[in-house]
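Paired with chain B in one complex and with chain C in the other, chain A is shared by the two complexes that follow.
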Partner chain A sequence: MNGIKKHWWKALAVILLVYTIAFSFLVPLSPKISSASPKSLEIGSNTLTLTGYNTGFLEGEKIYACLEFEKKPLVLGENIEVLSENKIRVDFTVPEKLPSKVLNLRLNTTRFNSFAPELIKAYSVKIANDSSQYTTLTFSSSANNFDIPNRLQLNETIRNLMFHVPMWFAMMIILGISVWYSIKYLNTFDIKYDIIAREAVNIGLLFAFLGLITGSIWAKFTWSEHTNLFTTSGWWVNDVKLNGAAITTLIYLAYRILRSSLQEESQKAKVSAVYNIFAFVLMIVFIMILPRLTDSLHPGNGGNPAFGKYDLDNTLRMVFYPAVLGWILLGVWMVNLKKRISNIENTLDYE
Partner chain B sequence: MFVKNLFHLVKHEFSLEMKQKHFISSIVLYIVSTIFVCSLSFTSISETTIWNALFWIIILFSLTNAISKSFLNENSDKQLFLYTIINPRVLILSKILYNLVLSILLVLLSFFIFNFFIQSDGLSDINYNLFLLAVLLGSMSLSSTLTMVSAIASKTNNNIGILSILAFPILIPSLLLSIQFSNLAINGGTADMAGQFIVFLSLINLLIIILSFLLFPYLWRE
Partner chain C sequence: MNNKLIFLILTFIAFFYNSSLAQGSAIEQTMHESGKINVVVAVLIVIFIGIIFYLIKLDRKISKIEKDTKE
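Right, the complex of A and B next:
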């Protein structure tokens, strides 16, 4: 009983990570219309072939489609015919005047709602300036789906959110723990605090490398045009957050070199504790200040070092926060184990 | 007492420097030859951002070289003597102060030589006052960081190599800020456009000095 009371958080870490991994690999991406052909419409009757992703259209299913602008449905799709799982054919009759030449496509079935912004262009229509010149229809959406959002350009890579972002959260927390124990060491000169600080840096570096690897793969397939795995370009971009990550990694690799270049145990502990505190504070300054001065490819920028408010939807939140907590707990657990191994090694050395 | 000791130590550093003239002249020669090599490889740089980046990289390396020696002169006898009579915080402040003056002189010198040897067409609308402010604030934060890190590195045998790998990653924030700041000055920016750079760089300076002030006694104690 005592064991469970003391070690409940390890069980929590396992549960959270199993939940995260299961969710992020098993839940499907929401259905979405990804392309239309032809892309541009003429005034009058048009026949379009729409291609979707994960849509799974059924023969004889009721499907509703409309073209809209600023949430105002303008043209309803007619004679909808299912060609295959991911393909349908729709007829649109375009009027002479519309409020915009670029239109969004909305598609509803009883199973899902899908929205494709700025998918359809109608260059030949005239721009209507006031609402009396066109008719707004009614188009209701009802289905409520539980799935991972299918975002433009991100596609399936959005699942990486549950692995890439928590790595940095976990790394910062673990490096913070390391600095806390370095301060404790300088106040007490007790070598056991130095062991924790050292092992926390090692685990923090592991998380940093994992974050760099997952981020690099993500960047390659979303920010880069070179999605071929066997070319060297696209794995790294010049972005303020990537620079922050690189600097953090460099600082803590330097910390390890500093430790290994000192001989005496107490001097090693003292000098590296001083460097740890000094470097950590300046790194925090870097992470807080520089993103406010420059723009970044990462979400939530132009003044904000963290997330934008609207980058996560409720389904993602349900996994993202547990994922962050799970990875942090796993990291703390790893530091704990490494500390115990070091303690055993030290005692064995003395004997 | 504190201030008196501080000035005494700074004066001591200066007189030490004057006794060993070979050191300061080697740094000056280092700067001149680096800039000369750059001028031979570039002759003229049309892009002002490259001109600026090259200037800051030269400053970074020459300051690293100059400041790497600041804790090397201390042999263990002298260290023991100083340890018994003064507060370590006075010592680190005096070192920072001395290196500050030294690096400002060196940076002004390198700006003069650099401007002399390497021309750039885009420099016509440079705001000299603002550029000098950027250079001063930037070299201040470089020199104070380098002083503290060289104190850390002096505990190891491989001083200059360790100094660069320890210092460069933590110098990047102030270096990037300085580069952006001086870029603004080169493009004819005014003082009110540079407000955030001045504030951030001064804050970083202050932070580094406070951190060194707090942490140095632990390093000093054997």
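Right, the complex of A and C next:
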């Protein structure tokens, strides 16, 4: 009984992380139409070939396709033919007069085990400068059912939200713990607080490096794509948040160098505790404040706060918050283990 | 000795990072396959390696303490 009282949060960390990893890989990405050819529709008859992802079209399945404006159907798709599970061909006869230059393409299928017709994807049709042509553009919209949203460019990598982002949350909480114990050390001059502060910085640095590397890999295959949005390439994107994170990591590496450069134990603890307070303030400025002042590739920067309704949907929220808590608890557990070992080491040194 | 080893590993990683993941290479192609799911796999592997790194450090610290208590 005493064990549960003492160690419940470790069990919680494990449960949350298992839930996170299971959810991240078991829940499918929402079906989406990723491309259409031809890119433009003309007045008169058109044949569109739509290529999707995770759509799972079935041969002989009843598919409903229509061009619509403000949820009112305008042009119904005809002769729908399933080419493969992710490809269909639709005919549209576009009339001369349409109320808008931008139309949505809606696809519905009725699946055996679903009660309501499933919305596959909204697709917008745009009029080009030439009034006789309509240009099709992808428009992302998540389906109503329980799955992970399929966003432009991100595709499956949106699952990294449960791994890359919590690294930084865990780092900030752990560095917060570190600065808390540094202040406590400066109040009491008790060496055991200094040990916690030191080990927390070490674990915080580990999380910072993991965050940097995972972010670099993620950015390489999403942000560095040739799109009209960003034309960057390579492992490092010149983004305020990235540079801020890198500076933060260097500041905390300097903390470790400062510690190892001082000889006397109490002097080491005092100087590094004061430095730690400055380092924490700089970390908050570089990661939380500066990126909000300019445009950043990270969501929620350039004015608007993070966790906006455009970045997270309810399905992602259901796993993102537990994931953050799980990784934080794992980090605290890691600090706890290192602290206990350092304490033993410390008492052995005195004997 | 230890620093030299870390430097060597880092150089190797930097070299591997740049050369084998050049545009159009096999790894680059794998990353773009089936909705870029392999990017998620790579990220998970990195985190796993990070945790293993922590375990190795912990292991070395415990070994040192064991040695100290025996003396």
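In this section, the second predicted complex is superposed on the first by the 286 of 351 C-alpha atoms of A that agree within 3 Å, B and C clash if a C-alpha of one lies under 4 Å from a C-alpha of the other, contacts with A are read in each partner's own complex, and residues count from 1 in each chain.
Quick note on the criterion: contacts are C-beta pairs under 8 Å (C-beta built on N, C-alpha and C of every residue); 3 or more make two chains touch, one makes a residue touch a chain.
Predicted model, so just to flag it, every value in this text is computed and none were measured.
Chemist: Contacts for A:267 in the overlay, against chain B (first) and chain C (second): which applies, first, second, both or neither?
Modeler: In the superposed model, A:267 contacts chain B only, not chain C.
Chemist: By the touch definition at the top of the document, which applies to A:344: first (chain B), second (chain C), both, or neither?
Modeler: Once the two structures are laid over each other on A, A:344 reaches chain C alone.
Chemist: In the superposed arrangement, does A:53 touch chain B (first), chain C (second), both or neither?
Modeler: second
Chemist: In the overlaid three-chain picture, which partner chain does A:156 touch, first (chain B) or second (chain C), both, or neither?
Modeler: It touches chain C, and chain B stays clear.
Chemist: Figure out whether A:258 sits in contact with chain B (first) or chain C (second), or with both, or with neither.
Modeler: After superposing on A, A:258 lies in contact with chain B but is clear of chain C.
Chemist: First (chain B), second (chain C), both or neither: which does A:221 touch?
Modeler: second
Chemist: Name the contact category of A:278: first (chain B only), second (chain C only), both, or neither.
Modeler: The answer is first: A:278 touches chain B but not chain C.
Chemist: For A:336, select first, second, both or neither according to whether it touches chain B, chain C, the two together, or no partner.
Modeler: Touch partners of A:336: none, neither chain B nor chain C.
Chemist: Please determine whether it is chain B or chain C that touches the greater number of chain A residues.
Modeler: If we count touched residues of chain A for both partners, the winner is C.
Chemist: Under the contact definition given at the top, report the residues of chain A touching chain B in one complex and chain C in the other.
Modeler: none
Chemist: Across the complex, what residues on chain A touch chain C?
Modeler: Those residues of chain A that touch chain C are 21, 24, 29, 53-54, 154-157, 159-160, 163-164, 167, 203, 206-207, 209-210, 213-214, 217-218, 220-222, 235, 334, 337-338, 341-342, 344-345, 348.
Chemist: With touch defined as at the start, can you tell me which chain A residues reach chain B in the complex?
Modeler: The touching residues are 186, 243, 247, 250-251, 253-254, 257-258, 261-262, 267, 270-271, 273-275, 277-279, 281-283, 285-286, 289-290, 293.
Chemist: Which of the residues in chain B end up touching chain A in this complex?
Modeler: 145, 148-149, 152-153, 155-158, 162, 165-166, 168-170, 172-173, 176-177, 180, 196, 200, 203-204, 207-208, 211-212, 215, 218-219, 221
Chemist: Contact residues on chain C for chain A in the complex?
Modeler: Interface residues on chain C, with respect to chain A: 17, 21, 31-32, 34-37, 39-40, 42-44, 46-47, 50, 53-54, 58, 61-62, 64-65, 68-69.
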